[in-house]
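A, B, C and D are the chain letters, set down in written order, and residue numbers restart from 1 in every chain.
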Amino acid sequence: MEKRYCTLESNSPVAPGVYRMTLSSDQDLRHRCGQFVEVAVPEKFLRRPLSVSLSQADRLTLLYKVVGGGTAALAALQPGAGLDLLTGLGNGFDIEACRNAALLIGGGIGAAPLHQLCRDLRAAGRQVTVLLGFNTASEILLRDELEALGATVHVATADGSKGIHGLVTDALQQVRPTFDYAYVCGPMPMMRALYPLLSETSEFSLEERMGCGTGLCFGCTIQTTEGPRRICHEGPVFKKNLLPW
Amino acid sequence: MEKRYCTLESNSPVAPGVYRMTLSSDQDLRHRCGQFVEVAVPEKFLRRPLSVSLSQADRLTLLYKVVGGGTAALAALQPGAGLDLLTGLGNGFDIEACRNAALLIGGGIGAAPLHQLCRDLRAAGRQVTVLLGFNTASEILLRDELEALGATVHVATADGSKGIHGLVTDALQQVRPTFDYAYVCGPMPMMRALYPLLSETSEFSLEERMGCGTGLCFGCTIQTTEGPRRICHEGPVFKKNLLPW
Amino acid sequence: MVNDTSVTLAGIRLQNPVIPASGTFGFGFEMAGCFDLNRLGAISLKGTTLEPRFGNPTPRIAECSGGLLNAVGLQNPGIDALVSDIAPRVRALCKTPLIANISGFSLDEYGICCEKADQCEALDFVEVNISCPNVHQGGMVFGTDPKAAAAVTRRARKATSKPLFIKLSPNVTDIVPIARACEEEGADGLTLINTLLGMRIDIRRRRPVLANRTGGFSGPALLPIALRFVNQVAKACRIPLIGCGGVASAEDVIEMMMAGATAVQVGSASLHDPLACPAIIDQLPKVMEQLGIEHLKDIIGIV
Amino acid sequence: MVNDTSVTLAGIRLQNPVIPASGTFGFGFEMAGCFDLNRLGAISLKGTTLEPRFGNPTPRIAECSGGLLNAVGLQNPGIDALVSDIAPRVRALCKTPLIANISGFSLDEYGICCEKADQCEALDFVEVNISCPNVHQGGMVFGTDPKAAAAVTRRARKATSKPLFIKLSPNVTDIVPIARACEEEGADGLTLINTLLGMRIDIRRRRPVLANRTGGFSGPALLPIALRFVNQVAKACRIPLIGCGGVASAEDVIEMMMAGATAVQVGSASLHDPLACPAIIDQLPKVMEQLGIEHLKDIIGIV
């Protein structure tokens, strides 16, 4: 955990209600893929947890969906604004766990952390297949970016307006990708539906309302096969065998 | 009372700890001299009452001293910032009450509203003498502005570093100005000291911690010879005979 | 969509549930020049006692994170001025239902004030405040004990046939027996909550900020506390509730109604923005639309 | 100037009065990599019960204006894990005095936990929490009645010779008899306050935000309420008080001490900024300088 004051470089919509925010700092902003940050929001007491979509030495990209007052306040910020962040939170994805070919599955805004995951897996020489699920064509995120990294990307839309008609579970059964390890991030119902379809060599990035994001408050606890664990501190990424679903 | 969203045009120190702020709006910002505004301050629940130092059609000048968190937050605002104001509050000075020659007495930041008062009295053809009291030379406010309006200005400093050595009460006894009506604004001890030295043809602008500034909360009440009065609503300017000091 | 904001409170129809809270909207005249008072659901007038009162010395106000402390101490011109002068003058300005907010230092004072309010045609509701934390010899003591609350309600009930609301204090261990006692003695409804007792210290001057030492905390931060009390009492009583505490937006009004309130008072929000009530009333139909609420009264107590 | 920040709490010297509050600083390890725990005045560890507890279902957190609601519900690994594993591990990381925060659902549970804490060398203080609003079958009931508070204190006093603090609830009509009862039964001091019971509703989903329906309100807006309780109890009792509620700055620490606290706990502020405690400790000497305070202990209860 580090406290970082960042400058907002850009903040603009990339899909209906979804924004991409880039931040810079004169301090180190590198993250492991799958880690998250806690952003202080004007007029709110609690910070808002957002996954790192991409990080470099002095640069951070977040992808977020406006769902309430906090994210709406973020969306209203103008380039040049200063932001107060807690960085380097959570465990992140285990890229070592994949030996050859990775499968990445993202649903909606859950696609956000898959960007850096894909970059880092490709840099480590892994093959990457990505399944992305959205409600409709206009909501599709990150497809071009992931393809540019050399991943094979399949998109499913619930209304069939683009790609495979259906959910990511449908896509999984249709595409039948080869992989030795799977990484999943998305809404809870999606993850629960994928759970029985994936073997033990998989991991899931979870979400819960957070009080602190730093392990102090026990606000974000889930029950695991090894006892209670804080999503923010021992997660947000949990190996499949830890999840008692 | 009007609600006005203004743009901060300038905001810079004019004496140690004292700032001049100018605001503009595309709506009417004219005030009677001696009226005040209630400024919404970032991160504070209550607005802060500040006297109008000068107002024109679309422009407002405030002069304020940093004494706590609210005024410190105002001092930190940059030109271009938006400000939410309640304007046109309070009764203001009674310029009709003066027939020929006015005496204006201000102490410290209490000099602020005397600027427009002096302008309006001069525009009405009155002679104006001003006595201003400060702790020390570096704190002197508005002397040049008032002289430029054709007023005779006498400054007293408590440490004798400029002008008359002493308080405004000393200045009053030394200068012995001719006037038919006096207007007083400054710290409570100064006003109480002047009270017995002035005849009934005088008025005093009072201050109290305010909850609303608009007469709703009864937070700012003083006892007068005619019963309880709200400084924000029936004041802030009270004729001498109303003050039971 | 219909967007019907009306509610019925103890038999009286309010065109919307938004009521300026007592003590935060003066005597009703102050804003008459700024917006049409007819737009309000009702108006709760400044708390009134038998005798005129100056109230507490100043400072009476202290800023806090999320709100303020006040120790006004029931400044008011007395019940006779209310019924003979103030209420009729407000009535002449608007048709909005008017609520007399009554305080006292003895059962008799409460009783006499309610009798006088009862005789005043301009007044539509009587709201008996047994929860003022800012006066020393009484007020809140009546609101912290079920027996005392019952006694005041009984006396007030005898004194008036107008709809009678008792305004309760949050400074209690268990509000339910107090609320039930008021209900049993014939109150038509309850207003909850009044302010939480608090204190601030001026660390430079090393003394309390308020001349009265302590004051009542109100403002946005009170909302979760008020919601809890409203929900708790809604589950325990059948009479209608007026929810009060921290309400500052149309969403807050809806949250308070879902917790169990039939109408909602807006207090401190008007101190920051004297146009808060009409702004909330403007927003209500839009927020109802977003949430798929046709008739506001349908959401009362659904949580 | 001297700028001596040390205070003595029930005979134990703290280099400064700043203590992370129970439940808002994990088990003490979490921040060990971020700052030197030796800088803290003391550490109050996460509330512990006899048996391990998962706590309440999620969501356990709801944002509010001026703070938050929590309904963690005393998640903890049980007293045995605390005394045999956790406390010794924190002790190995720092010399800071450690406070065991104990909750229970019966007198016996409180008693057994205090006995076990008493035997643990790594623990310096025992803080008995009789004010948790988030567990159903107990907790707060002990803190809302002087007799029950006396009984818990008596049992805990028998169980431990370590400095014993009882943590009181603000959800009471009158805290003084409760505080006095604890003092009479031999408590070495009191911690006040715990959270205020509150509720939020998700108006879109039409249900409470918290799975537990209600939760405890904490955060900056609690400060004036806590100051009032601390000042009230400081006037009524002789034992030292740990002030808690809304403290987020060095100025707040000083305000709390002027109200009557010998030491000060910082809770929710650490949730927004996990470095809040060291930041406050850094600021303290500067603010003392500005206010002309040489020895912090000289201002305890001066208002």
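Rule of thumb we're sticking to: contacts are C-beta pairs under 8 Å (C-beta built on N, C-alpha and C of every residue); 3 or more make two chains touch, one makes a residue touch a chain.
All values derive from a computational prediction rather than experimental measurement.
**Student:** With subunit C excluded and the rest untouched, write the groups of chains still joined, or say one piece.
**Tutor:** A, D | B
**Student:** Fewest touch steps from subunit A to subunit C?
**Tutor:** Contact-graph shortest path, subunit A to subunit C, evaluates to 2.
**Student:** Tell me which chain's centre, taken as the mean of its C-alpha atoms, is farthest from subunit B.
**Tutor:** A
**Student:** So, what's the distance in Å between the C-alpha centres of subunit D and subunit C?
**Tutor:** 34
**Student:** Report, in whole Å, the distance between the mean C-alpha point of subunit B and the mean C-alpha point of subunit D.
**Tutor:** About 47 Å, centre to centre.
**Student:** Suppose each chain is reduced to the average of its Cα coordinates; what separation in Å results between subunit A and subunit D?
**Tutor:** 36
**Student:** I'd like the Å distance between the centres of subunit A and subunit B, where a centre is the mean of that chain's Cα atoms.
**Tutor:** Roughly 56 Å, centre to centre.
**Student:** Which residues does subunit C have that touch at least 2 chains other than itself?
**Tutor:** If we look for residues of subunit C contacting two or more partner chains, we find 62, 64-67, 219-220.
**Student:** List, in ascending order, every residue of subunit A touching at least 2 other chains.
**Tutor:** Touching at least two other chains: none.
**Student:** Draw the chains as points, connect those that touch, then say whether the picture is a line, ring, star, complete or other.
**Tutor:** Per interface graph, the chains form a line.
**Student:** Quick one: which chain pairs are touching?
**Tutor:** Here the touching pairs of chains are A-D, B-C, C-D.
**Student:** Report the residues of subunit D in contact with subunit C in the complex, numbered from low to high.
**Tutor:** So the residues of subunit D touching subunit C come out as 62, 64-67, 69, 144, 171-174, 196-201, 203-204, 206-208, 214, 217, 219-221, 223-225, 227-228, 231, 246, 251, 254-255, 258-259, 291, 299, 302-303.
**Student:** Residues of subunit B touching subunit C in their complex?
**Tutor:** That would be residues 1, 3, 40, 44-47, 70, 86, 208-212, 214-223, 228, 233 of subunit B.
**Student:** Contact residues on subunit C for subunit B in the complex?
**Tutor:** For this pair, the touching residues of subunit C are 23-26, 30-31, 33-34, 46, 54-55, 58-68, 70, 72, 75, 219-220, 268, 270-275.
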